[in-house]
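Right after this note come the structures.
You will see chain A twice below: alongside chain B first, and alongside chain C after that.
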Partner chain A sequence: MKEENVIEVNQLTKTFGDFTAVNTISFEVKKGEIFGFLGANGAGKTTAMKMLIGISKPSSGEATVAGFDVYSQPESIKKNIGYMSQKFALYDDLTVKENITFFGGIYGLSRKKIKEKREQLISELGLENISNKLVGSLPLGWKQKLSFSVSLLHDPKIVFLDEPTGGVDPITRRQFWEMIYKAADQGTTIFVTTHYMDEAEYCDRVSIMVEGKIEALDTPKKLKEQFKVDSMNDVFLKLARIPSPTLPKGKRENTDCN
Partner chain B sequence: MKRFIGFIKKEFYHIFRDRRSLFILFGMPIAQILLFGFAITNEINNVDIAILDHSKDASTEEVINKISASKYFTVKQILTREADIETAFKKGKIKAVLNFEKHFSRNLIKQNQATIQIITDATDPNTANSITNYINAILQNYQQEKNRAIVVEYQIIPQARMVYNPELKSVFMFVPGVMTIILMLVSAMMTSISITREKELGTMEILLVSPLKPFQVIIGKVVPYIFLSVINAVVIVLLSIFIFKMPLQGSLILLALESVLFIITSLALGILISTIAETQQSAMMISLMGLMLPVILLSGFIFPISSMPVPLQIISNIIPAKWFIIIIKGIMLKGVGMAFIWKETLILMGMTLFFIGLSVKKYKIRLE
Partner chain C sequence: MKTIGYIIQKEFKQIFRNKGMLPIIFILPILQLVILSNAATYEVKNIKFAYVDYDRTSTSRALIEKFNASNFFKVLTDFPSQEKASAAMLSGEVDVVMEIPNHFERNLLKEKTADLSITINAIDGAAAGVESGYVNQIVHSFNQGVKMTILDTSKKVAQPVTIQAIPSFWYNTTLDYKTFMVPGILVLLVTMITLFLSGMNIVREKEIGTLEQINVTPIRKSQFIIGKLFPFWIIGMGLLTIGLILAKLIFNTPMLGSLLLLYTYTSIYILVILGMGLLISNFTDTQQQAMFIAWFFVVIFILMSGLFTPIESMPKWAQIVTEFNPIKYFVEIVRMVLLKGSGLGDILPQLLKTLLFAILMNVLAVWSYRKVN
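After this line comes the complex of A and B, so read on.
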């Protein structure tokens, strides 16, 4: 493994019965990089991500995350990554403070460390006045920012974000991306899936998955040149418009959200 | 270990901040035990009856006095004609009518026999039956008193003795059943709901991506409910002993151990349900339909198993509650020790292991 690669994926495949959700994908992600993982619904993004974060076993191929093998060392992977899912995933019936304490606790941070992190995080997000309020009463945008910060609590090497900005307004999305940049500047690798093509432009490199395969992988600038278009949106449309002769749409939808 | 304590703390926040679950946890047990103890009862008490007395002589008066003096019956109405009987029943208050024939005393003395017709409202057959039996018993008693002077040549005197519950209190029958229902409800339903809630909200995924191992997550979710179930069991036993005067003949420690065993059986069932159900709603439905109904109908809690049709008797064997009810009744009422309930205990243990094994298998399949 090369020094700067924190994720290396080689011919990774996942099949469910005779359906291939992820088909021999290969890529590397460098340390500190913001890596965009794009694809239509059902293209296999979530399935691929689940294999990388150690909650789904690949059918074949190789992958290492943070230097650990996805087959034999999923526990070590889990200690070194952060994860934020597309469903908002803090506890609504716990306060801001309690959520931070809880998640710090399950990552094994010391009580002192948790307290320190909690105060730092609350002041950074400007949540001083509402730190004792239940998370359920906060606006969605704040919850998502908080959720992202919580996924960074244990200083993970890589943080996986699964459609983190679904359903929030453009201003909050903008702020969210500023947080992502800040984390990347501090050396955290960001692996992010998204639907929004303008967000794809913010990534250092993007891969586009179509029907289980990676059809394109490069910097946004080079991809636009390659496909001779002006925006990532057009790149995506060009790739995703390829009709699917092999599978009915419904079946692909299912495997992606399982 | 520290992670674990944090986890359990969080679980308690969930429970104490949700009014609904708090009510199910603490309101239900008390409400149920009081309901079954006071309101729902098979016993006959203060039943309203009416009298239609065609003789109005000394003997009928004695009989009527005897009946109204018992705590079981209250004479509410004196009827004057046969036609009134129907009306009295239809109004609903009167459950039985005693119809004395004409010349009751005279017949009794001259022909050595007189007739009383007992008419009961059999819309509720059990009550009707009990009323008839009670009235019969009072009449027998009256007869014996009258016959004391006369020497009877042959006489069989049955001496019935009701052991383990001499006063035939129905609350003694309900307490073990209610305790079983509550432990089942709290342990199985609440855990399955709380686990599926994490699935529904997406937090389960976050937990599985964390360094916590899946079994730690499950144990962390289950421990608070063991604790709460034990509290509930204690409250129920205290209520039944101090309010309903239920005896505790056997060993308290044995009762506690057996209760913990049943709590674990129920928790294992709850975990199993949560591996099947994807939403809180379906977890609740499965718990109610799959657990509560069989417990109420087939465990012998209300309807005696021995009078069920054979297929249902066979099915009742796979219901853990049946075995637990036998155990509690044995310990509390009969005062038996392990020597008499080891079989039931082994069955519960076996069921528990089976449920846990099945959940582990299901859980693994899901993670693949």
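After this line comes the complex of A and C, so read on.
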């Protein structure tokens, strides 16, 4: 069975001065897959993701996302992807409705389409009563779910989620993953970073990044067999080392920083 | 076009929802205009004047009375000695001390000449110059009076021929400094508010992380920037309007020239300032940094704009630097158009230079704005 690759990464590298944040990583992500991108804080996950979503130029290597080259066609990539950063990035001083309208508008959706999407999204999330409230007043879990839905507004081929469930309660996390599954069922490819190893178990395939390199990449089941352990948690602990504390000055601000 | 509309809509909503920012935008300028226009004065009034009269004759008293009658001098004290007067000047109680020596009257009558000693606190050189001028005027008019008296008593001396220049003051006939200052302060408030607002606006999105979200969308740089800056362009024009209304109502500032011309010029000028704000926000990561840099430039530009001090009296190199100062051109034009009634032909050089700055600044700003790091 030959499946279509929506992300192809070959020897991708990003250096900041003499510090290598991402070191010759290579992998493919198939269409409709839920791809878990794991790693300790500072392992280079966010830096790698920023290269794939076209807001950071790679130092070397090749990568295509949704069939477009990250060097020459970053704007075409942006039309085809959704992104949810680890920092909540909707406007706190706009209402739920206004945020949806704004992001729909800048993705170039028609007025009619925006209205349709807005109503659908609000009813799916059960936000009818608070759709005119400022987003800043919502609880974090609701914000995250809203943020995810907004990243799917323009029906992207791939959606990148950077630690989407950080700081969220277990019930909301579960609901969040239900949303992820639903999106994946509809053919959207999910590229997700996380620190929660139970979430890693939900992924179709998982890569583990250690100090800028991908040290393991397979299905959760096979990884557990390979390392002869019972849980993804143990796989992670066997692989991941805490990055050395002697970081070069000012080189890390764009990588993981929690 | 539609995309820009969405951004403009969002910006206006955010501006008018920001309860901390609204007063800054609309009340601050009013206060600035009212307070600064009254405070930034070149007039030297209420000079604290003291004298030491060693002569104590009717002539010396007549001289002192002349000072007393002047509006500019507030005659304070009669000091018994020069030492006491100097001590008072040291403590800031007096600005000008006149010492009338012994035998002042006798020398004047007998030798037709007498000396006066005037001591002026010259820490503020410009004020000291003005004070010296006032003192000379009073002493001069006192001289005339004395001459008359002497001539009356001894009619032998022929009256010397005197030439008097009678100045006629154009454009500001009553020499009201507010007529001069109010248009300048108007420039100040349009510039400061639009620069600070636009400079901090994009940095703010950087800080809260929404700019990254925007950079991941396929929006074009130019769309985003136009959408972001347009609301501040509107606010800048609004500020000019508020300022002009206040100038008319409170200060009765003359408005001889075409207001349309002033608005046309301002619309281009604000583009320069917005471009500068954007440029600053491109090179800073926090609102604090943006604020400091904006402040640095505004202070230099204002001090070198001819708003408070005439450019003609600056050193040559500083005059060359002012050629690159957009605020200078705005100050010139607002005064020319409002006070002299200058037309398009008169302000064309400044207009073209400002247009050039606007293009240059915005090209630089758009070029240095990066969606990709």
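In this text, the second predicted complex is superposed on the first by the 237 of 258 C-alpha atoms of A that agree within 3 Å, B and C clash if a C-alpha of one lies under 4 Å from a C-alpha of the other, contacts with A are read in each partner's own complex, and residues count from 1 in each chain.
Simple rule for what comes next: a contact is a pair of C-beta atoms (placed from the backbone, for glycine too) under 8 Å apart; a residue touches a chain by one contact, two chains touch by 3 or more.
Everything quoted here is computed from the prediction, not taken from an experiment.
Student: Are chain B and chain C a fit on chain A, or do they clash, once the structures share the same frame?
Tutor: clash
Student: In the overlaid three-chain picture, which partner chain does A:Gly105 touch, first (chain B) or second (chain C), both, or neither?
Tutor: In the superposition, A:Gly105 touches chain B and chain C alike.
Student: Could you look at A:Asp155 and tell me whether it touches chain B, chain C, both or neither (first, second, both, neither)?
Tutor: In the superposition, A:Asp155 touches no partner, neither chain B nor chain C.
Student: Check whether A:Glu201 is in contact with chain B, with chain C, with both or with neither, and answer first, second, both or neither.
Tutor: Neither partner.
Student: On the A-aligned overlay, A:Glu75 touches which partner chain: chain B = first, chain C = second, or both, or neither?
Tutor: A:Glu75 sits against chain B and chain C alike.
Student: May I ask you to decide whether A:Leu94 touches chain B, chain C, both, or neither, giving the answer as first, second, both or neither?
Tutor: It touches chain B and chain C both.
Student: Does any part of chain A touch chain B in one structure and chain C in the other, and if so which residues?
Tutor: Common interface on chain A, chain B vs chain C: 53-57, 75, 78-79, 81, 83, 85, 87-94, 98, 101-103, 105-108.
Student: Which of the residues in chain C come into contact with chain A in the complex?
Tutor: My answer: residues 2-3, 5-7, 9-10, 13-14, 17-18, 208-210, 212-219, 371-373.
Student: Okay, in this complex, where on chain B does chain A touch?
Tutor: Its residues touching chain A are 2-3, 6-7, 9-10, 13-14, 17-18, 201-203, 205-213, 367-368.
Student: In the complex formed with chain C, which residues of chain A make contact?
Tutor: Spelled out, the residues of chain A in touch with chain C are 50, 53-57, 74-76, 78-79, 81, 83, 85, 87-94, 98, 101-103, 105-108, 254.
Student: Can you list the residues on chain A that touch chain B in the complex?
Tutor: My answer: residues 53-57, 75, 78-79, 81, 83, 85-94, 98, 101-103, 105-108, 134.
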